[in-house]
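Shared chain: chain A. Partners: chain B in the first complex, chain C in the second.
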Partner chain A sequence: MTDSKKIELDILGQVCPACLLVVLREMNTHQRELKNGEARLVIRTDHRDTTRTIPESARKMGYDVEVRNLETCYEITIGKK
Partner chain B sequence: MMTSEPLLLASGSGLLGFAFGVVLYRGDYCMVAMLRDFFLIRNTTLLRSFVLYFLVASVLFHVGGLGSLLPFLPPPTFAPPSLATMAGGVLFGVGIVLAGGCVVGTLYKMAGGNLINWIAFAGILAGSLLYAEVHPLVQQFSSQTILIHSITAAQNNSVLKAVILLTVIAAGLLAIWKWSRHGGLNVTAFAKGYIQPWKTAIILALLNFFYYVLSGTPMGITTAYAKAAAYLEQVFLPGHVAGLAYFQENSVIFQAGETLITGGAGPRMDFISHTELALMVGIFSGALATALYYGEFRIYGLPPRRQATAALAGGILLAMGARIASGCNVKFFLGGLPLLAWQAIFFYCGYGRRSLDRHVHSDSLCYKMNYDNLVQKQQHWTSAMIMQTVSMLIRRRKKFLLGRQS
Partner chain C sequence: MKSPSAKNDHPADRKVREVSTIRMLKEENRRLHDENARYARYIREKTNQLLEVMGTQPLRPEEFDNRELLTLDPIGIIAGSFAQVYDYLNKTINDLSEARDELQAIFDATGVGISIIDQDFAIVKCNEKQRELLVDKHLENVCGNYCYEVYCLKNGPGLDCPAVDTFATGRPVVVNEVRKKNKYFQLVTTPYAKDAEGNVTRVIEVALDITARKKAEEEEQRQRGYYLAEKSKLASVLQSLSEGLLVTDSRNRIISVNGAALQILDLSQKQVQELRIDELFDDCPTEARTMFDVDTPQACQNVEIRFRGDNRELLLSVNSVPLFNPDGNTIGRVFTFRDITEEKHRQEVFHRTEKLAAVGQLSAGIAHELNTPLGSILGYARLLLKGENLQPGQRERLGIIAEQAKKSGAIIRELLDFSRLSTPLPNQAMRCDLNNVVAEAIRVVQTELDKRFIDVRLDLADMQAVEVDPKRLEQVFVNILLNSAQAIGGNGEITISSQSHYHEARVTISDNGPGIAPENLSRIFDPFFTTKPVGTGTGLGLSICAGIINDYGGAIDVRSTPGEGAIFTVILPLPGETHGQ
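Coming up: the complex of A and B.
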């Protein structure tokens, strides 16, 4: 997923259900690029619950998801391998 | 086992609260998320863990009640249900969705440093003060609209009660067994120190049981918010506080051995300070310690104005709801449902329905975005329900007509 175009989304400080909805909207906007692997969506969040809901929903929609623990937040990458 | 010694009661409640806060934060056990997951993404994992909570708590509470561990069954903080219980549930349901957390959810999320939850907290305090102004009216309404003149289902019929409980427990066990066989109780989460919801549920049931043994009542927390708000208001308007009936009355009065125990929302040290207030401080400190431990405490500045307004309004509504129903989800779901309390059941009737309707609505309110797919999903679901009802009616009608023809 590393060589594709990076779409960044910063939702630090936002809580549910906004997090999931904002990410879903972003995924729908870039649906074509994400599906054919041209781009990947990189989300930064500090809302713990989001590390459960976003990966699950994205996988259900057929994407590959990676989650990394950064120092004070989490980074979720959605795309196609 | 119950104690009326203030120091022991306060330190015990504080410690249990601390553990509660740690577990809530690590397991991110949000009761609003339970409903949100179900209605937005059709995920029932968190809701399933609540079934487990219910099972463990009802066994502990009732077995404890048979022995001498729990002297009060039902506890003295519960009352017969009224229309106010349902109305409060509705307000509360709307409130928690807007605020992004319930009364304890707000506490443990505040510990992460999120300002939205601090705004919701301020809203809950404000809502409690607002309620104090209309308390006599609500109380009148409540006493005139009592729905059932008993506190729990089958209160005076122990055989019927045992039958109900055993049936519910058997059904719950069957469901848990089925889910666990397909791994349906575990979730994949990446948060630091995450505790699986089913483990969180069991720990919470144990903590609530210990609290019940210690204080003679299951956990409750909203009166502590009202008390904290009363202390604050007293600094600015002492005369006004002294004149409000709500702050003069005792909401809890009971006899424990030879001591008469009283507690209320007024700015004074009493049973509520030693239990609920200590619990509240404990939950916040436990969650804060955990957030600091994992290096997750951080303040990111103010949220978008729409979200902030929603959080404040949500806080006010949920506080009004909790006061009108005289309890919240902690008292009614964690304590009342396992005890088969009527108040819990009627509160749920109000709460459940409103939260469902509000979910999609509140999001468009907060962000003014067009979530086509989500709205569609909701519409599909609604239309599916309507279709099912219509098709059932049609089938009946057909049967009826055919029957007449032959």
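Coming up: the complex of A and C.
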């Protein structure tokens, strides 16, 4: 996933379900690039619930998801391996 | 241009109409506002409903007002996401469908029979191999039938049924060998599904056809039995052989030995197997030592090898052939051998007897022909010597003639004695004590021994009487003693010992003279063979001795190490035994 184009989405300060809707909108917008592995969506969030809701939804849509715990926030990467 | 009605419109009327219109528009606005709020509420409710499906919490009022909500279009977003979920589900369903088809193909193509059985022992699923192995080919629908009816041809599950155990215990069960429908199987049952209480509701039964392996094992067992029987038979044959047999490996180590070999060599199996073959037969002639080389392809036959045991020396005739493995590679050699000591001795006696007979016949003829003219020469010489008118020179020469004629007469008598050995003798044998005969012989040669300063040491054991002519036997000992004395020359010692050995009487006469040269050892019993200066011996003494002893079924053995004297052993059979026959 690391070789593909990086689409960054900063939703720091936002909480569910708003941030889920924002992320889903981005995934819909970049669906083709994300599905064929050309791009990956990298989300930065500080809302803990999103580390559960976003990966669950993304996996149901057939994406691969990685969650990293950074010092001040979480980084969720969605794409195709 | 104004309309006619407008041109005629009264201002009060116009005002009323305007108020009415405003009221109507306000009504319309309120209605639209209410309707908008209702739609926004509907969208929010549906959005929350969808968000709940997505596994997250509903929208809070402060998050989006109605305008923001409509701008965001959450239903559109979630619909788009659902479309992706739907696509992914479709793809997954297709993948699963393919996987199921692949699994079914593997299920049917696998080399083992597989069936799934439910709690009632009904067959839920069964692969092609299971059908082929255990199902009657006329039965079309296997599923739904009871496994014990279809597979085991029984009315109910048997006690040996592994599925019964797996249902009861929840554990896999292996039955290593089951016979069904004339085939052998290995069965394994594994729990497959469980109910809410954890009870096994379905098991997978795997049947592996081991008929071929079982038959191979039976065949191997049969061959092993045959091999063991053949091995036992071969061992019996080898043990019953009168010839000794040794088998060596590629490094010349003795790995197998039969009973006859141990008996001939008078060794234990352990002693033999601690040696290499070239160590056991270390006296093998150099030119025949290739028989020990494992790479020698040809057989070696009738190699004569001396074997020195603890108490005896044997002459062995040894054969050797290479030993091959099934691939044709040499892995050792097989040695067979027999003791030819006695056979060789008999051959030597036979040849010597034949030689004696021939020489005896010739000697008798010559002696007879010479005796008469010699008698005349001696008679006339003695007659002339009686004359009184002889010159001293003439008398001396006549004396020499008489003396030489007398000496020739003695030689002729020896020849006649020798010739008599080849003709049957009147039986004058009697039971006599060997020690007495030895003592009498010593008495006869005592003067000669004293003259040469030779001491005699005796080591005589009490012995059973032998059956011989004592006078002839005395002649044998006299001859041997004189031979020893002449060999010693002067100042020496002769040791005489006697003993019974098995069924033989033995008298050993050993001296400390110069010994006999190895090249002469085999010839000293030949007639006319002598190492003495010409004129001092006829070479018939030991031939006569050998002839006499041979007449009594005995033998004379001689051993000598140059410089260490000679040992003569006279062997005579004790009554009831015959040596070398």
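Throughout what follows, the second predicted complex is superposed on the first by the 81 of 81 C-alpha atoms of A that agree within 3 Å, B and C clash if a C-alpha of one lies under 4 Å from a C-alpha of the other, contacts with A are read in each partner's own complex, and residues count from 1 in each chain.
Definition applied: a residue touches a chain if its C-beta (ideal position, glycine included) is under 8 Å from a C-beta of that chain, and two chains touch if they have at least 3 such contacts.
Not measured: the values here are computed from a predicted model.
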Of the partners chain B and chain C, which touch A:Leu21 in the superposed model: first, second, both, neither? both
Pick one for A:Gln31: touches chain B only (first), chain C only (second), both, or neither. second
May I ask you to decide whether A:Glu56 touches chain B, chain C, both, or neither, giving the answer as first, second, both or neither? both
Once chain A of both complexes is superposed, is A:Arg48 in touch with chain B (first), chain C (second), both, or neither? first
Chain B and chain C footprints on chain A meet at residues 16-18, 20-21, 24-25, 28, 49, 52-53, 56-57, 60
Chain B touches which residues of chain A in the complex? 12-18, 20-22, 24-25, 28, 46-49, 51-53, 55-57, 60, 67, 69, 71-74
Footprint of chain A on chain C - complex, ascending: 51, 54-59, 63-64, 72, 74, 77-78, 80-81, 84-85, 87-88, 91-92
Within the complex, chain C is touched by chain A residues 16-18, 20-21, 24-25, 27-28, 31, 49, 52-53, 56-57, 60-62
In the complex formed with chain A, which residues of chain B make contact? 28, 30, 32-33, 36-37, 40-41, 43, 100-101, 109, 112, 114-117, 187-192, 194, 295-296, 298, 300-301, 303, 307, 359, 363, 366-367, 369, 371, 373-374
